[in-house]
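The following blocks contain the structures, represented as structure tokens.
Paired with chain B in one complex and with chain C in the other, chain A is shared by the two complexes that follow.
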Partner chain A sequence: MMNRYLKWIVWIVIVASLVLCPIFCGMYFTNVVVTFAIFALFAVSYNLLLGFVGLFSFGHAMYFGAGAYATALALAHIEGCPLLLSLLIGILGSLALALLLIPIVARLSHSAFAMIHLAFSMLLYVLALKLRNITGGEDGIGGFPIPSLGIPGVFSLDMTDFTTFYYFAMIVIGISLWVAWFITKTPFGQVMVSIRENTMRVGYMGFKVTHSKAVAYALSACFAGIAGSIYALFNDLVSADCLHIGYSFAPILMTMVGGVGTFLGPIFGSAIFAVIEEITVRYTERVELVNGIILIVVIMYFPYGFMGMIGLIKRKILEKQLAAAAAEGRS
Partner chain B sequence: MDPTTAMYVAQGIHGLAYGMMLFLVASGLTLIFGMMGILNIAHTAFFMLSAYFCYQVVAMTGSFWLALLIAPVATALVGIIVERYFLRKVHAAGLLSELTLTIGVMFVIMELVKVFWGTENLTVTVPPLLQGLINVGGLEYSIYRLFIIAMSFVVLIFLAFILFKTRLGMVVRAAVSDADMVNVLGINVPFLFMGVFGVGTWLAGLAGVAIAPILTVFPGLADQMGMDAFIVVIVGGFGSLGGALLVSLISGFLSSYGVQFISQLAPVLMFIFMAIVLIIKPVGFFGERE
Partner chain C sequence: MNILETKGLYHDFKGLEVLFDVNIEVSAGERHAIIGPNGAGKTTLFNVITGTYEPSRGSVYFKGKNVTKADSQAMVRLGMGRSFQITSTFGRLTAFQNIRMGILSRKGIRFNMFQKVDKMEDVTRETDEILKRINLYNERNFPANTLSYGKHRSLEISMALATDPDLVMLDEPTAGMSKDETHYAVELIRRLTEGKTAVIIEHDMDVVFSLADRITVLHMGAVLASGPPNEIRENQAVKDAYLGDMEENDASRSQ
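== the complex of A and B ==
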């Protein structure tokens, strides 16, 4: 019973602090939280592949970038494009790219899967740099209008204001995270995990392994697209940087440090890296060096990441309680 | 020789030089993968590290030849340390841990290089013997590029000799196909792994020294070459040395002739080539497993 109340209290505290954040924390910190939330969703979408289906990709940035570019292009070229439509176009952009690649990648696994993603993401990166008249090359697409959210004539929320945008981004990301969590709890989520555990057996049991992989892949791409889309709206700028390999490594780092295969792991990982970056940026330019060292230490000494560590502590406490209960029973 | 043929030949030499350097990098990568099953993401970082070592040795002693000798060996030592004290510890945890560990190593090497040498371009001059152009049959070639081609061929032949004609090579090839079985037969496989990792990074280091005078030494040095090397390993088939050689040469010619004829598309030619090969044969030219 105690545990259930505790869970509710934790949730209420988290939601309340997120709601109150822009009121008390000021613009800079609010924007840090938005960035963290975007990367949390990106890492969760990546973990759907890596943690649940067991597919290791080095090019997830392309779905992030596809969502970002699709949204930016829609807003830059469609006159009076509503906010939610631009978000939808971002998702569809990622989905379209995923559907294009699925016939090639769904049959692969392990290293070949990882490397072909590295290559395709580099291809997109080069294309984004070269196709200047569409993507703007190195400069990217910037300064597109950010539409207001609302029903014309009834009400309208100005999205250029950082507080309203914060709430909008948080609600969209929150809903996406909930949907992603829900998917992992459905029978299909169980199939995803079983593919990771024993692909061959899933095939023998009559599930279509390649098809399931493809569906999970497309879902993961969609969530990454949402993250990218929000990112484009947030920065009002999309450049080829968000297709770069660094953006593909970010979710890997977050997932591994947070705890691979758990739903909350990537979110914690994203939070850990957000905090570390905030601290290290003040002392040194070499943030990546710190990230690299953290990654090495985590892999070598905490192979299950932050969530694994929590699990270990929980078990220790449980053991102590059990020992205490046993001692009481004896006396 | 008329100018058109001369142009073809000159571009061919360029492509050959790049292809052979690519082979040096890719052969190390494919050897390590074939034997240990590790895709060493840090491989290109070793390649870059060696170029910096080369700059340092040339700056200190003024001898490029000494750098050619010392820098790859120093790089190989770093590689051996990484294998012995980091990779081996997480080997039991599986492929994913090893892969991410190499990503971490790559980050650390790339950033440490910036800490020690800064981010500006550093030039390495070649010794007078290799400077200038040589005239063969009315055509002028850069001596340095010819030297790279020759050196790579020597390394290639040496590597092929060891792998296919000696007992050591036999053991290595056996370990590539089934490491556990070789271990059971009483051969110290962890030690062998360490050696192969060392040789692999030594090869990357050699290529790093070879490229230093051509491109100058800077932090983004490994970007192009690293990407191409990974593509070579995928398309050639993981763990196949012959595949790596073939695809390296194709890649070299594609890039040199591609710039000549369709300069707009040149950067993506290699990716298109890779996509076509993988759609037809997902394991690459000579690959047997994923």
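== the complex of A and C ==
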């Protein structure tokens, strides 16, 4: 009972502080929170593959980038493209890329799966640099109009205002995270973790392994696409950077540090990195150095990340309580 | 009627012949044991029948259908279940979740993303029923790989039966069990396979002769003999190849 109240209180505090953030924290911190949320969704989409299906990819930036580029291209080339349509195009861009690759990657696993993603993501990175007349090369696509959200003649919300955009981004990301969480709780979510645990047995329980992997993969791509699309709208700029390997490793780090295979892990991971970066940039530009050290420490001492650490503490407390209860029972 | 039939089955691993012209007939409702010394090709035969491998020659018929090329998933949907010699559960999932996969599969719930699985009351109820029947209800929420060996094996066997198959293929269900555990497992198998057809690979001769209606002896990848237990016990070729050195086998196994 106590636990349930505590849960509600935690949720109310989180939601309230997110709602009040732009009012009290100013533009800079509001934008830090948006960046954190974008990467949290990106990391969660990655964890759907790594933590739930057990597929390790070195190229998830592909889907982040595909979403970002698709949204940017839509806004730059379609006159008066509505906001939600540009978001949808971003998702469809990622989905299209995923459907293109699924026939190749759905049968793979382990290192073959990881390496082929590295290859494809590098290929896309180079393509984005070289196809200048489409992607703008190194400069990327920038300065495209950010449409307002609204029904013409009824109401309209100006998305260039940071507060309005903050609420828009948080709602979209919040809904996406909820949908992703819900999927992990469905029968299909069970199939996903079962594939992670024992792929062969999933087939022997009568499930189509390749098909299930393909569906999970496409879902993961769509969520990464949403993150990329919001990223494009947020920065009003998309460059080849967001296809770079650094963007493929970001969700890996966040998932590892936060806790693989738990739903909240990548979100915590993203928060941890956001906070650490915020602190380190005040003293040094070598943010990666600090991130690297943290990763080493985590892998050496907390292989299950932040969530694993919490689980361990919980178990310790429980054991103590059980021991105390047993002692009481004996006396 | 024969529920399972193999015709002239051959299999080789890149030149290494493992199965030679294996013909097996399993009629509906019987418990059929497959015995043979180590390396006789018993597990390979299972793998070929259940769709892990495709045979290099010959064909497999299940319920009168040619299923030579069917994969494991297709075989299970046609009504076959299989357990493994090396325990092959979903290790970090709970006993409950392991069995539930079979129930979901039987009900055809495979890509449902619109309903929470914990809220599916009929699925939960049926899973709990199975857990009670196999005496695992108290360990319901334990991850499979934390169960005791005997319980883990019971789970392994029951997963093959959770999809409610017409034919179950049990690959050494009592592998590595103590005497008590074996006794319990045999009772469990007897109870759970009531009214079904079962094909069982087994080393323990007591188990084989107490469970099986028919026995097929596999030796060097070929069928040496096939028939009811009494016939097999008296068969000279079987005695020479296998049963004769049974005591020796048992001695080496218990060491």
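Everything that follows uses one rule, which is that the second predicted complex is superposed on the first by the 326 of 331 C-alpha atoms of A that agree within 3 Å, B and C clash if a C-alpha of one lies under 4 Å from a C-alpha of the other, contacts with A are read in each partner's own complex, and residues count from 1 in each chain.
What we mean here is this: a residue touches a chain if its C-beta (ideal position, glycine included) is under 8 Å from a C-beta of that chain, and two chains touch if they have at least 3 such contacts.
Here the structure is a predicted model, which means the values were calculated and not measured.
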Exercise for review: With the two complexes superposed on chain A, say which partner A:182 touches: chain B (first), chain C (second), both, or neither.
Suggested key: second
Practice item. Check whether A:295 is in contact with chain B, with chain C, with both or with neither, and answer first, second, both or neither. Key: first
Practice item. Would you check which partner chain A:194 touches, where first means chain B only, second means chain C only, and both and neither mean what they say? Key: second
Exercise for review: Would you sort A:18 into first (chain B), second (chain C), both or neither based on which partner it touches?
Suggested key: neither
Practice item. Answer with first, second, both or neither: which of chain B and chain C does A:206 touch in the superposed model? Key: second
Check your understanding: When the two structures are overlaid on chain A, which partner does A:118 contact: first (chain B), second (chain C), both, or neither?
Key -> first
Exercise for review: Applying the touch criterion given at the start, work out whether A:107 contacts chain B, chain C, both or neither, answering first, second, both or neither.
Suggested key: first
Review point. First (chain B), second (chain C), both or neither: which does A:310 touch?
Key: neither
Exercise for review: Return first, second, both or neither, reflecting whether A:264 touches chain B, chain C, both chains, or no partner chain.
Suggested key: neither
Point to revise | More chain A residues in contact - chain B or chain C | key: B
Check your understanding: Can you list the residues of chain A that meet both chain B and chain C?
Key -> none
Revision key, fill the gap. Given the complex, residues on chain A that touch chain B span 50, 56, 104, 107-116, 118-120, 122-123, 126-127, 130, 249, 252-253, 256, 260, 286, 288-289, 291-293, 295-296, 299-300, 303
Review point. Which of the residues in chain A end up touching chain C in this complex?
Key: 182-183, 185-191, 193-194, 197-198, 200-209, 212, 215
Revision key, fill the gap. The chain C residues in contact with chain A across the complex are 50, 52, 71-73, 76-77, 81-82, 84, 88-93, 97, 100-102, 104-106, 109-118, 120, 159-160, 162-163
Check your understanding: Which of the residues in chain B end up touching chain A in this complex?
Key -> 33, 39, 86, 89-90, 93, 95-97, 99-101, 103-108, 110-112, 114-115, 227, 230-231, 233-234, 238, 264, 267-268, 271, 274-275, 278-279, 282-283, 290
